[in-house]
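These are the structures in question, set out in turn.
Both of the next two complexes hold subunit A, though its partner changes from subunit B to subunit C.
What follows is the complex of A and B.
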């Protein structure tokens, strides 16, 4: 049974999308500027991009870099964050370091990284890695710190060694918080990906967008914005599904403000 | 008003308890003090010179006002906290850390929320290398014993406080520690469940004869279950008196409640606690 209320809240994201597109359509018709195509024109340009092999290769390359950068960040940031959360010395060593790095926009490092590593995949993946790591470290740190001491004591009494407790108690206990960080990381990965391709124009979804802008193909520009936006929503929704399954045992979290699942 | 007459050994200094040979002692707490660093460079004496010997297979309860250091004493025996002074020993060996010979049941349950009920109870057994099928069979039996048959696949968040506490007890019993360290295990339960679990614990204890160190706020519970009741003074906690409970076993609740000896123990101990200036205990 689906109550009207539940149906409404389920379709709310869709309604919001439609509302946004309608507002766009109206605004564009009112403004009548060449650089601001209507929503319909932009949507009509989407299939031609997705049908083009070269565009698909570009978008695929973007997604690959994003996946690699994000995976490396997850592998690096979760253990570091958890160790910081549990071991005072580790935290007091890394905390000042991270404090300095935190406010620096990672994309601003792009020119230096390009200088050292060229404009290829390496630089872009590294920037994604840097951009994504901090929120995951932060949330892993918080999650690790909050693990109930008695839970660790229970494990110790059962004979778990310190590394075993880290892996088999701290990690699962902190998982809800870690995954919250990963979700932020995922969205940041997409943002950093586009930004890096805007700076190092060579391939990728961002490259298509900015090339079209140079050539004044505004419907393609807006179509790319739709495609990138849709990618973000899709990734996020898929991740939320995974997250919900992984932490199905945990208390219903304070509902996240942004959720499309 | 009735004059409380205590048996002579009851008034004896705890250190001078009519002792069994130290070699027989399961737990020996020797001049243990605990000082905690508190905020603002101050320190707080939580336990002051505790001496206590617990024989193998004894059921010993600790009573005392809130904040007198009962939990802290239990943590020291568990090896979770190192005493700032003195030493605690188990089977003659100084306790330096936790071990599967001492199973804690915490006031806060501390279940693993990502494991279901069965997974929680199986955890210690699996850790000790017991085969999965064997561990599962034993855990199911334990869960049936604590009245949780049918809840094997529930996650802790789906259980009531009383059910969580029963899972915690089963989880600790599962890996068969020689010593049970129970911190107000029935404190959060309704009267009915509490009575049931007291009876169950007694049945298990009378069968296995584990050494039990049991913290409680209920005088009746302490007298009903224990061989010895340790009464502590308010902070800094020290042992005021150790009362031997000389009541026959196996104990039946219905008989015991009518037994004047039981009633006298309860009244005497309540009087002792009143003398420590404690009021919360009746809450």
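What follows is the complex of A and C.
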């Protein structure tokens, strides 16, 4: 038996989506410009994009690049972040460099990386990797720093070596924070993916979006925005499920990540 | 040697190593100068351009959009965040909306903004504001909802009117969290304003980069990148200064 209140809070995000689409519909009816189709027209254009084999392949390629870039970043950034959190020297070694790199838009490196590696998958994946790594490093660093000394002492007293302590104490203890970083990273990967494809117009979801803009196919532009937006919402919701299961032992956390850097 | 100096030296090492690696790639002939200009040439060009009026004009255009977007995001984020934390009714509306809108990649909205708001400042400023809004909103919300109930009770016991509690108790207590959100929002603003200028613009740092890339002027491609990184650092340290000023007397967090 589901109470009405619980049902309402479960369907609230869905209601929010519908509300946004309604607002869009009203706004475009009010503005009446040709370049701003109504929500219904845009939704009607979605099946034709998803039905087209070439666009599907393109979107699939985008998601593949994103997945590879994100996984590489996770494998690289979590160990580095945890080491920075546990060893002071490592932290003061890397911190200034990271601070300099942080405000540089990673997708802006795209033109330079394209010079070296061409417009192919390599450069786009590399840009995604660079963009995603920083927040994950930062959150792993914070998580590693906050691990209680006492647990480490107990571990050492029970004869765990330093690498074992890292793996069996620091990693699980910092996991909630690390996963917050990964969630930020996931959204960021999607952003970087779109931007990199927009700069290297060759394939991918971003390419479809901006080509449609150049060719004034406004329905396609807005349909593509819906598709990319839906991808963002779905990935985020799926990751949230996974995160909830992985850290089900920890205190319930904020249901929204704090940083979207 | 004192520990603070030690820390600074340790921090400079990787930056120096990075520059050395960059230089040695060229010196030992792994990368042709046309693909990767030597760091000396890049910084020299930056130094030359820094005081030309053209370059300052580009920086001014970028900064204008950055501050406008960031300012809007701060005002809206703090107001909505506080309102959602104080009133359950507003919270019920804001929360699902934020949940849905926060993970949408805002860059994808940029074409729509272009079509609706035109190619001028407005679309870029809106994009920056939309991207910087959510971290500020969320950290304000969490900061304000975690204010200790005891503080509010004491203020009420001391006779503070309900309307003033928001400004005299909740807002100052949430300040550390709000400022953390602002810091994240600021970095995002730097990134987004640059990207927006790269996509469509006639001026600004992002436009400089695209222009240089089209003509394969590799030195000129690095100059705007380094400039935005330095702008980010300067703005960040200004915000840090503001934080230490606003939070004087707070226990160090």
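Rule of thumb we're sticking to: the second predicted complex is superposed on the first by the 254 of 261 C-alpha atoms of A that agree within 3 Å, B and C clash if a C-alpha of one lies under 4 Å from a C-alpha of the other, contacts with A are read in each partner's own complex, and residues count from 1 in each chain.
To be clear about the criterion, a contact is a pair of C-beta atoms (placed from the backbone, for glycine too) under 8 Å apart; a residue touches a chain by one contact, two chains touch by 3 or more.
Everything numeric here is computed off the predicted structure, so don't read it as measured data.
Once the two complexes are laid over each other on the shared chain, residue contacts for A:219 go to neither subunit B nor subunit C. Shared-chain residue A:249: touches subunit B; no touch with subunit C.
In the superposition on chain A, A:151 makes contact with subunit B only, not with subunit C.
In the superposed three-chain model, the partner touching more residues of subunit A is C, compared with the other of subunit B and subunit C. When the shared chain is aligned, no partner comes close enough to touch A:177: not subunit B, not subunit C.
In the superposition on chain A, contact is made by A:97 with subunit C only, not with subunit B.
Interface residues of subunit A, counted against subunit B in their complex, comprise 148, 150-151, 153-154, 156-160, 169, 172-173, 175, 247-251.
Those residues of subunit A lying in contact with subunit C across their complex are 12-13, 15-17, 19-20, 31, 33, 35-36, 89, 92-97, 99-109, 111-112, 115-116, 187, 190-191, 194-195, 198-199, 206, 209-210, 212-213, 218, 221-222, 224-225, 228-229, 232-233, 235-236, 254-261. Within the complex formed with subunit A, the residues of subunit B that make contact are 75, 78-80, 97-100, 102-104, 106, 108, 110-116, 123-124, 127-128, 155-157, 171-172, 175, 177. Listed in rising order, the residues of subunit C touching subunit A in the complex are 7, 10-15, 18, 31, 35-36, 92, 95-109, 111-112, 114-116, 131, 134-135, 138-139, 142, 180-181, 184, 187-188, 190-192, 194-195, 198-199, 206, 209-210, 213, 216, 218, 221-222, 225, 228-229, 231-233, 236.
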